[in-house]
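After the structure tokens below, expect a handful of questions from me.
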């Protein structure tokens, strides 16, 4: 594996649970992964599989109650974040590690000016005069290509369009030049044309700043276009990890395979009208009542007795391509 | 394509914009600003465009759930634009709608069976035992178990909820089903299930679909023809193959180019347009797209292009190269 | 990071609390204050229903021989200056308080719902008129309204109920109207329209049931405040008249003369009022939490 | 010791009087604060608790005399008396006052509750500045009692009745300063008072406190020198004594009777049997025990002795049906009467007991209802707001009413004529018995008190036997003051006449 | 903005007109009038006297004429004369307003300065013992009948200090003035503070769930900054509404407190006036209270715009 010193983030056996009215469940179960400097790691999986909770766990922002991180370690540039006290963690948050959230409208404070929100992010971590921080804020807004940044800085979130808000979020997240940026579905709420702009922007800035990037999405198209490595999650667990090329070339987990097959391809040409799509039958299980064995088994065409009884371990199927399936070998053939 | 089931001519819907506690009108949203199209029997027309461009408003207007500001809607040749509520009721049976958010469109306090049976009860088509058997049959049709009739919406998964919505739409045996982003809220794996169901049902019953989405790929799979909307207007409409093979409007081109392709080896993202979508409250003068268009000319700022036939069945609203909408060369 | 014992945690989180009683018990543990409120309310209601069985003396019988007896085995809460058993009066007073609480809440609530629903659903000039009327009702001080009402109608149980109910109407109507306006935009209402349902039917079948949760929350809180309002009216001499044992009057009258000489006359009705109001509010709070969709797992 | 000069007497007032004009007032709320502003022609000695013909003292009149036929009463007036505004007091003022009261003058009182007191007066005439005569239609020795009441101050001619309501001018020891409704009443010493050296106080200030608990707490906390007179109930008195052990407290009858007004004009109380049964069912001692811890008086119309002058002696009283000591025997008899009238254990008589919405009224009504249960009568309380009480009673829109009747002077004339004579407006029950009415006149004209008393007793007994307006009890109440307050006497047979306060002083 | 104000003003006038009609006719529906009451005390009435007095007070005229007379007078600034005291109604009402206003103001101050911080604490510490304790205390504030609380305070202060706070119309020092109002204000304020605390708590809980709070934390902001700077600013709107309603309520709702503490404010005066059917006082006082309420609502709306940039009353 990669050289240790090159790692920005190293997550080991992360476990986060939720205590809710309907019961306790593991939203993130035994998750390990790492991100290198300048690398983009994508986390994919369908809605509710634990992607956002993973991101929040890294930031130690899991809402408590009902959530709690109950195990594992998250080391950022060598320090275990989970071992820090709250004050130390605050010094790291927004400084070395920052995050862009899914909903640009609701993630900005509606009663504060955009500029002030960025200024706050800067001044929390750098002891500089307000005036200077303001200049930085305007500069950041210019960096994320907001026209007339000085004027926009004085506006409130509701006065900006969706795309601009998301850019403001990015400016805020990058204001302190973090070592690691987590982007949790940064474009889901946006139009595809805007999405393309925003993603291009994030990648540009990432390159410029050398930041490690964790990109969370469930859009495999986005993954293919942006990431170097990919983690696939299902029901709180990592079921597959590989480089983006390897994953798309030969997925080893039946779930990944099914997911890829059900994506409607954009027909550059010659798609027959009314083509049926491949589908994964059944539905995602409730996290509260997971089956004993493999969580995907009830929906899996390849499921065998063993799948129902025993959870398959993550195994390396060559070249760092990890997958948790008893029949990973056969996946490519069957589908 | 045979005779048109639905014909929409120059449909406009303007909403007043109200502000403040008194909700005074401070402007007008040109949500739909002159839309015309026709939909044949057994045909699927896809309607794409970004969020807020007026797709849902078209859908609602067609069903007369909102009163159009102007224009005409013909169903089976009959003008239903100005029918009274009572006169409209029989026509309600011929057209139904499936919404984007399946959970929100189901009353959380009614059982699935009641929800699906409600249209039948309202129109007095069935009651008691008969109602129950018909609902059960509808459940089977959409791939739900009849024993789930007594469950409440929150007890279903997203895909199942959308099936309930579809079953409710089917209950009156309509000829036209308007699908307003029926899969946007669903996961890809579930999305495929629902699309397949819609395709199967169309094959069995010969419905016409007005299928709205913002995901071009989804639309590509289900539609016969596709219309692209931008800020309340249709900017391009063509047979699906033609549209994808040969997009003429710069916006359509940008849309197609922006869809990330699920193949790491394919070309990388390259945004074709810049800037943000203008607000429909004060749409730009001339061609609404000129603020973001790569090919924008002086004319585009003042002159509003009409939707003209570029070649067989392919119509586009662009001034580029005298209305053919075709750029000289795609860079 | 301490490891956790999943089985223990699961039980604690109520994973096994499926079905009927277990679920209730689990909820009770989760909302301790709410459960306490429920217990108080239940006791309160049961007391009111079975007052005749529980009370050991007639609450109205005057007996000079046993006036102002201290609390004892014979008279658990002592007797008042008329020699009436305080415990029996408090038990029967629950009936009055419940009648006032339920009666005025139900009356004000029902009219408020009708007004709010009509106003929110029909909008237009109906809405405008209703809105102005409720503005007017809200700008009139509650106690003044109650004062004039009781002055007009004379103090009696039904009149007190009416007087307390009227100011309630605009409050309920506003909440229901706001809810209705929000619900009207819900896709399921649009779906109902699209199948050709009449407006009336939509309002009753789709809108009304969905305003129930906020209504219940509002009603439980109001239940408490009506009991207090009755007490205030009693203090001003406009509450439920003698000889019916209204807690408010028991408290306000003896507060004047017997705070020191016969404190039991003051303490017990005071506790009864506070407890009932307290219970209603605790219960209302918990209901709000439970009925809040965002709180549901 | 020697009276000390100076200091302001601070009292609380139980409620806010409608205005400051005593002649228009009908409660002692108005007499207490404003009596000190005025003088009467004659007045009861302010330091003898029991008002009686023997305690009449001259005031603005230096002396008085009856004509030989007892039909003319002449007063010699004091000279050199000045009104607070400096104008001299003359006989014209006296004439003006009584013309006003008799409704003979141009100017009118807004209300004139005691017009009937002067029904036997033909005319008031002056002769010179210092003599006034009252011409009577027939002898009425009790006229003097009424003139001595706190209710009968002499008003100046030159001030209109309207001004007297807002800013009264008198000749008395205290001058009116201000009256803020619901807030306070202030009087200040009249430096030119005709009684030299009086008053001792620099002024009197009343703070209006309607809430009894608050008022008494304030007294206990030393905010006031004195409570409002006869405002402390017997149960509260214990409380006051326990908190303020030094306070001087007295309990006196208020000469207010609590009675039942019976609507005998319509069923069921047009039936004398039912009326009798009701009166037999009363356990008066229970009322007194509960409401007064035993400290109230049982009697007839007139306040019982020893405080009352005209009340029946005990042995006579107990011969009246219902006053006998054996309550059970009385009730047995009552039930028989009820059965005779067609009621019994299976057929109860439903009755509404109307009363005002004040504790003094409601509490006895509650006891009454409870007692009526013993004779098959199911009573229901019907509380009526003050504003509606009188119209309701006047309409005869009631069956039984629980009422309080205050007597401003302890004299049969005031009581009998007002409450029992045919056609009197305050005869709420419309009781009309021509024979008794003749007896009223007989006693009224009797100048010898010792002969008059038996006459009065007989009338009283008869009234009780007719169950016209059964009297339940005569209340008592307490008054407290701080030990340094000197010279206060609480009248024992009237609560309207003892508030001149000119020689009250503070030993501080 | 200007157009908005004009429209707003018009609606306020409509409401005030409605109130004037309601109160006027409500009062006339109530049986009995000042004449009955005056004569009730005397025990009888001479019909001629009664008619005289009614004529003198103008209550013999048709209701509509009386109403027009009243409103006409109001528009000319003529508030009529009190039936009871026969003084100009304005002269009776005006001196009482500052008393009640001071009391209400102090109570609101108390309510806001205690209720808001405790509400924030309770929300931030949701589910802890502290939260439970604060909630129980605040609920008990809402469960105590206010006259009872007032009497307890008075009794306790007499028992413990041999003194009691009773209204002092002419306070000499600033401290005395404060003492005159502080205790009754605290007695009312306790209830309001409880209410404010509850609203603050629930509003804070709502806001604390919002995404932008998470964003603030993600920036590394401290708890205090998050709670007070980000959350409270957003949570304050409902609190303002409640305080606004409370302010309106207090002007007319202090009846009980003013009675217990014997404060000669408008509320108690109003009760007395109703008891006496002193129409000119009741009507004008109710109108005054209504004006305050309407303006309180207006102020709340304006404050909304101050606190929430999304709301702008532009026209």
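Every chain is named by a letter (A, B, C, D and E) in the order it is written, and numbering of its residues begins at 1.
We adopt the following convention: contacts are C-beta pairs under 8 Å (C-beta built on N, C-alpha and C of every residue); 3 or more make two chains touch, one makes a residue touch a chain.
Which chain is which protein? Per UniProt: A = Peptide ABC transporter ATP-binding protein; B = Peptide ABC transporter substrate-binding protein; C, E = ABC transporter permease.
Quantities reported herein were computed from a predicted structural model and do not represent experimental measurements.
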Set of chains whose contacts include both chain C (ABC transporter permease) and chain A: B, E
Two chains joined by the most C-beta pairs in contact, as defined above: A-B
Chain centre separation (chain C (ABC transporter permease), chain D; CA means) in Å: 46
Centre-to-centre distance between chain E (ABC transporter permease) and chain B (centres being mean Cα positions), rounded to whole Å: 53
Distance between chain centroids, defined by C-alpha means - chain A, chain D (Å): 91
Junction residues of chain D - those touching two or more other chains: 211, 213, 243, 385, 387-388
Set of chain A residues in contact with two or more other chains: none
Touching residues (chain side chain E (ABC transporter permease), partner chain C (ABC transporter permease)) in the complex: 11, 14-16, 18-19, 22-23, 26-27, 29-31, 132, 135-136, 139-140, 142-148, 151, 155, 202, 209, 248-249, 251-253, 255-256, 259, 267, 270-271, 274-275, 286, 289-290, 293-294
Residue numbers on chain C (ABC transporter permease) that touch chain E (ABC transporter permease), as the complex places them: 32-33, 132-133, 135-136, 138-144, 147-148, 151-152, 224-225, 228, 231-232, 235-236, 248, 251-252, 255, 259, 270, 273-275, 277-278, 281-282, 285, 288, 294
Sites on chain A touched by chain B in the complex: 46-47, 161-164, 190-197, 199-200, 218-226, 244-245, 248, 258-260, 262-271, 273-281, 283-284
Residues on chain D engaged by chain E (ABC transporter permease) in the complex (per definition of touch): 16, 18-19, 25-27, 108, 110-113, 115, 162, 165-166, 180-184, 207-211, 213-215, 217-218, 220-223, 243, 385-391, 394, 418, 424-426
Interfacial residue positions of chain A with respect to chain E (ABC transporter permease) in the complex: 56, 59, 61, 63, 65, 90-95, 98-99, 101, 103, 106-112, 120-121, 124-125, 156, 158, 169, 172-173
